[in-house]
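Listed below are the structures to be examined.
The following pair of complexes shares a single chain, subunit A, combined with subunit B in the former and subunit C in the latter.
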Partner chain A sequence: MTQLILGQLINGVIVGTLYGIVAAGITLTFGITGIVNFALGAFMTLGAYMSWYLTDRVGLAFPAAIVLSVLATMAAGVVADEALFRHTRNNLINGLLVSIGLISVMQAGIAMTWTATPQEMHFVLPGVVQVGGVVVPKMKGLAALILLAVILCTYAALTRTWVGRAAFAYAQNPEAARLMGVRTRLLQSGAFVYSVGLAGLGGALYASLYSIDTGFGYTYVLKGIEAAILAGIGSVGGALVGGILLGMAEAIGSIFLPAAYKDAYGLVALVLILVLKPAGIFGGHK
Partner chain B sequence: MRVLQLLAAALLLALPHMVRSDFVLTIFVFTFILGIAAVSFNLIFGFTGQLSMFHAAAFGISAYVTQIAMTHLAVPFWAGLGCAVLFVLVISTAIGSICFRYRLKEFYFAVVTLAFAEMARLVVLNWNSVTNGSLGIALIDKPKLWLPGFGEITLASTSTWYYVGLTALAFTLVVCHRVLNSWVGRCFGAIRLNDELASTLGINVFRYKLLAFAIGNAFAAVAGALYAWYIGYLEPDYLSIPQSLAFISMVLLGGSGSLVGPAVGALVLTSLPHLIQLSAEARLMTYGAILIFTILVLPKGIWGTAASLWKRLQGSGRVLASESQANSVEAQ
Partner chain C sequence: MTTWHHDIARAALRCAGATCLALGLAGTATAQNVVKIGDLEAQTGPASVFGLMPSQGVRMAVNEINKDGGFDVAGKRYTLQLFSPDNQGNPQQALVQVKKMLEEEKVQYIFGPYLSNVFNAVAPYMQQYNGKVLLMGGATAMHWALGKPNMDFLIKTIPWDTGTSGYGSMMVDLLAKRGVKKVAILMQNDAGGKAVVDIYTPMFKERNIEVITEFFEPNTKDFTSVLAKLAAAKPDYLFPGYTDTALYDIVRQATEVGLTHFFIARGSIGPGMKNAAMIDSYLAYVPKYFEQAEKTQPKVAKFIGDYKTFYKTSFPYDQAPQCATSCYDHVFMLVDAMKKAGSVTDVPKVKAALLSMRHQGLWNIRYDATGEAIEDFDIVEIHRGGKADVTHIEPK
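What follows is the complex of A and B.
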C-alpha cells in the first residue's frame, strides 16, 4: 500500500509540474495583460505536435526538436498577439472569447496539417530509475525536472531582475510604471508570448510522455486555471505549488475513489477556494 | 416597423406551406430550438452582464431529466419537460446563490459556472445505470400533443416540429420582452452597467442576478428537451463546453444588445454548415474565425449593426416615425 501511495505521489508530482507550467502561463498573462488566455491549451498542443513531428518525422535530436518547437510556438504567439490580443488588453470577457475562438482555429489547423489521428512518439529516453523502491521512467523524471527548473528560473527572473520588477510594478500600477520608464506595450506582448512559450515547452515535453491528440490541451488549460486560482492568481511560485497539489490530489484520490471522477476534484476545490478564500491558499487578505 | 414585424411573422407562419423542402424546414426547426437557448442565454449575458458557462449544462440536464421522468414515472413528454424545468430551476437557484452570495463576478463567475457544468457532465458521463454513459440514449417515442380542433398530434413530421419550435421561440421572446421592459429589466440593465452603483440605488443585486440566471436556465431547459426529442438521441455532449460556446457564438454573432439578435445568430450558424459544404475541420475553423471576427470587428453583431445602419439611413432622409427610432435606440 505504501508503495502504491508513494508511486502515485511521484506520478502526481510529475503531472503536477505540467499543470504548473500552464498555470504559470495563465497567471503571467492575467497579471500583465488582464486577460485569461484559454488558448494556452491549444499552444500546448501545437508545441506537442511540433516536437513529435520534428523528432519522429524529420529525425532531429529530441533536445533540438524541443527548442525549435518552443520557438515555433512563440512565433505563433507573436502572430496571435499582434493580430488579436493587442485589441483585447484588459478586456477580460473579449479576451476570453477571442482565445476560445482561437482554440477552434488552431485545433482545426493542427488537424488539417497532421490529421486528427492520435500520435505517439517513439521512446526518446528509454529506461527507468528507482526512487525509494518505486519505478519511474527516466523521461518522466527528466521532463518534471526541466519543467520545475524553468518555473523556478521564471520565478527568480521575476523577483531578481529589472524586467521582473518592472512587471510587478506594472501589475500594481500601470500608470506609475509607464512614468518610471517601463515600456508597457513591449512588456505586455513579452508576457503574452513568454506564457505561450511556457505552454509550448509543456506540450513539447508532454509529447515524449503520452500519446497526443488535437484536443488534449483543453484539459490542461482547465487544470492550469484551477491550479492558478487554487494558489491565488498572480503568483508564479504559487502556480507551481498549486499545480503539484492538484496533481497529487488527483493521483491519491484515484486510489480511494472512482478514477472516473478524478477530474472533478480540481473543480470542487476551485469552487471551495473561490467561495471561502478568493485570494487563494497562499494569498493574504483580499 | 410594425408592418415589417407583422410581415415577418406572417412569412414565418406560412413558410411550411410555401417551402416543401424538408431540408430548409429542418434548418428552421434547429434555428427555433437553439434560438430559444441563445435568446435566454442573452438574458443572462447581454442584458444582465453575467458570462454564464452553465447554459449547455441546463440544456443537457433538462433533456436527461425529461427522459428519466418519462421512463421511471411513466409520464408523458410534456409532464417530463415540466419536471425538468423545475429541476433546472432548483439547481440554478442553488448554483446562482453560491456564485452571487459570494460576489463572484466576470471571470470568477464564468469559471465557477464552468466548474459546475463540468461536474454535471462528469456525472452524466459516468452514471451508466441511468444515463447509459457515453453511448447515449435513443429516444424512439415521439411526443404527442393535444390541440383543440386538431385532436391528438404526434410530433413526427418536420412541419409539426416547425410550428412547435416557432411557438416555443415566440413564447420565449414574448416572456423575455415582458421581463426586460418591466422594472425587473431596468434592474438587470443597472446591474450590467455597474452593480455596485445599482446596489447603492437600492436594487437587490443578489436577487435580480439570481432571477436572470434562473429564468435564462429555465428556457435553456425547454430548448434542451425539445432538441433531444427532435433529434431522437441523447448524449453527454449536450452538456459539453463546446455546446455552451455555440450558444455564446450565436449571441455574439446576432448581437448581444437586442432580443431578436441571438435568434438571427442561431439562424446563421445553423444554416451556414448546410449552405457551404465543408469538412469537419474547416467547419471548426470557420466557427472560431467567426467568433473572433465578430468580437473584434463587429461587436454589435449582425442585428445590432443592421439596426444602426437602418437608423442612419432614416436619419439621412427626413425624420421618420419617431417610434421606430425609439425602437432602434432600445435595440442598442
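What follows is the complex of A and C.
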C-alpha cells in the first residue's frame, strides 16, 4: 500500500505540472490584462495537434516539433490578442465572453484543419524507470521535468528581471508603472502571448502522453483555474504548487474512493483550502 | 411593334418555361420513386470509432444501388435518398436530427444508432411513430427494449453478448478454461459502460471468476491512479472499455503498471496492435478480422477495393469491423425486404420480411424472433509482438 500511495503521489506531481503550466498562464494573463482566458485550453489543444501533426505526419523530430508547435501557438496568440483581446483589457466579463467564444471557433478550426477523430502519437520515449519500486513512465517523467523547469524559469524571470519587475509594478499600479516608463500595451500583449505559449508547450508535451481530441483542453483549463485559485490568483510559483496539489488530491482520492469521481476530489481539496485560507495558499504573496 | 429580337426573346422564354415544366414534372416523378432512408451515427468526435464506418458503409451501399439504376418493387423502380447528418455522439443533437428526418423528410427507415445514450434519447420520441418507421441500430440498450410494448420499430443489427451463440459467453468460457480467477473491469461511467458491467459481471461470477469493478469519467486521459489500484489487486485480465479513445490510453498506461492481459468486448484491436511490444494477451471480440477475411472471402476483398475507390483513401482495418452494425449489408437487406414485402411504405410488412431473411454478404446475417441479429464473428487474440490468432465462429 505504501508503494501504491508513493507511486500515486509521484503521478500526482507529474499530472499536476500539466495543470500548473495552464494555471501559470491563467494567473499571468489575469494579473496583467485583467481577464481570465478560458481559451488557453483551446491553445493547448492547438499545441497538441501541431505537435502530433509535425511528428507523426510531417516526420519531424519531437523536440523540433515542440519548438515549432509553441511558436505556431504563440503566433495564433498574437492574432487573437490583436483581433480580440486587445479590446477587452481589464474587462473581466467581456474577456470571458470573448475567450469562451474563441474556444468554439478554435475547436472547429482544428477539426476542419486536421480531424475531429481522436489521434494517438507514436511512442516518443517508450518504457518506464523504477524509482524505489515505484514505476514512472519515461516520457511522463521527462515532460514533467520540462514543465517544471519552464514554470520555475518563468517565476525567476518575473522576480529577477526588469520585465518581471515591470509586470509586478503594472499589476500593483498600472498608472504609476506607465509613468515610470513601462510600455504597458506591449507588456500586456507580451504576457498574453507568453501565456498562450505556455499552454501550447503543455499541449505539445501532452500529445506525447495521451490521445488527443479537439475537446481535451477544456478539462485542463478548468483544472488550471482550480489550481490558480487554490494557490491564490497572481502567484506563478503558487500556480505550480496548486496544480501539483490538485493532481495529488485526484491521484490519492482515486486510491481510497471510487475513481469515477476523481475530478470531485480535487474540488473538495480546493474547497477545504479556501475555507481555511480564502485568498488561496499564496494569496497576498504575489 | 415587335422586332426580331423580341420574337427570339419570346421563343426563349417559352422554351425556358417548357424546360422548367418538364424538369418540374420529372422532379415530381423522381420524388415519387424515392425511398428516403436516414443514418444516425457519430461520424466525428470521440465516439466516431463506432459510427464512422457504419455511416460510410451505408453511403457506399446507397451509391451502389442507385448507380445500378435502383430497385423494383411491385412494378415500380425506386432509388434511395440518404440523410446522413453527424450527431457527434450527442443525444440532443441526434434527437433534433431524428425529428427532422421523421417530421420534415418523412423518412421511414433509419440506420443506427450504435450508442446507447443516443438510443435512450431518441427512443421515447420514436415510439409515437411505432409501426410507421424502423430503427435499425446496434446500441446495447436496444436489447432490453426489444419486444417491449410500442417498441415494434426496433431491429438490433448486432448480436447480443450472452446466450449459447453469444460472443461474450464464448470469450468468458475461454477465460474460465484458462483458469482465470480474477478479472478487473474498468468502464466509462455512462449508460454504455454500466450496461457492459451489468452484462458481464454475472457471466464471470457464474464461472467462479472474481470481478473487481471501477468506472472512470468520460474524457479521462490519465488512468494511472485507477490502474495502479487495480494492478494492486493482481487481476489475471483487465477488461477495459469501451471506446477506442479510452482504450488506447488505458492499454498503454496499463502496461506501464504491469497489466498485460486484456479482455475486450467493445472496441477494436488497434490498441492491442499499437502496444503489441508490451502486451501478453489481447483477447477481443471482432465482428470480422478484415486483414484475414480479405484473403479468403471474395466479397470482403471486393468491399475493401470498392471502399478505396469510393473514398479515395486507405482502408481502415481497425474500424472496419464496426460495419457489422447498421452498415453496408443492412441496406441491401432492407432493399431485399422491400422487394419481398412488395411495398416500400408498409413498414410492418417490410419488418416481417427482414426477420424471415437470411442474408449472405460481408456477414451471414439473420434475425431472431425479437429482431436481434445473429451473425458470424471472429475472436482474435493478439500476442506479444503482434501475432494474431483468429477463431471464426458461425452461430448455430
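Basically, the second predicted complex is superposed on the first by the 273 of 286 C-alpha atoms of A that agree within 3 Å, B and C clash if a C-alpha of one lies under 4 Å from a C-alpha of the other, contacts with A are read in each partner's own complex, and residues count from 1 in each chain.
Going forward, a residue touches a chain if its C-beta (ideal position, glycine included) is under 8 Å from a C-beta of that chain, and two chains touch if they have at least 3 such contacts.
The shown structure was predicted, so the numbers you read here are calculated from the model rather than taken from an experiment.
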A:A111 touches, of subunit B and subunit C: first, second, both or neither? both
Which superposed partner A:D81 touches (first subunit B, second subunit C, both, neither): neither
Partner chain in contact with A:I93 - subunit B first, subunit C second, else both or neither: first
Partner chain in contact with A:L4 - subunit B first, subunit C second, else both or neither: second
Partner chain(s) touched by A:P258 [first = subunit B, second = subunit C, both, neither]: both
Touched partner set for A:I103, first subunit B, second subunit C, both or neither: first
Subunit B versus subunit C as contact partner of A:V36, first or second or both or neither: first
Subunit A residues contacted in one complex by subunit B, in the other by subunit C: 111, 116, 258, 260-261, 263
In the complex, subunit C residues that touch subunit A: 44-46, 48-49, 52, 88, 189, 214-217, 219-222, 224-226, 228-229, 232, 244-245, 248-249, 253, 256-258, 274, 277-278
Subunit B partner contacts - residues on subunit A that touch it in the complex: 36, 84, 87-88, 92-94, 96-98, 100-105, 107-109, 111-112, 116, 218, 222, 225, 229, 258, 260-261, 263-264, 267-268, 270-271, 274-275, 278
Subunit C contact footprint on subunit A (complex, rising order): 1, 4, 7-8, 11, 15, 111, 115-118, 120, 126, 128, 135, 137, 209-211, 213, 215-216, 219, 250-252, 254-255, 258-263
Subunit B residues within the subunit A interface of the complex: 51, 98, 102, 104, 106-108, 110-112, 114-116, 118-119, 122, 125-126, 241, 245, 248, 252, 281-285, 287-292, 295-296
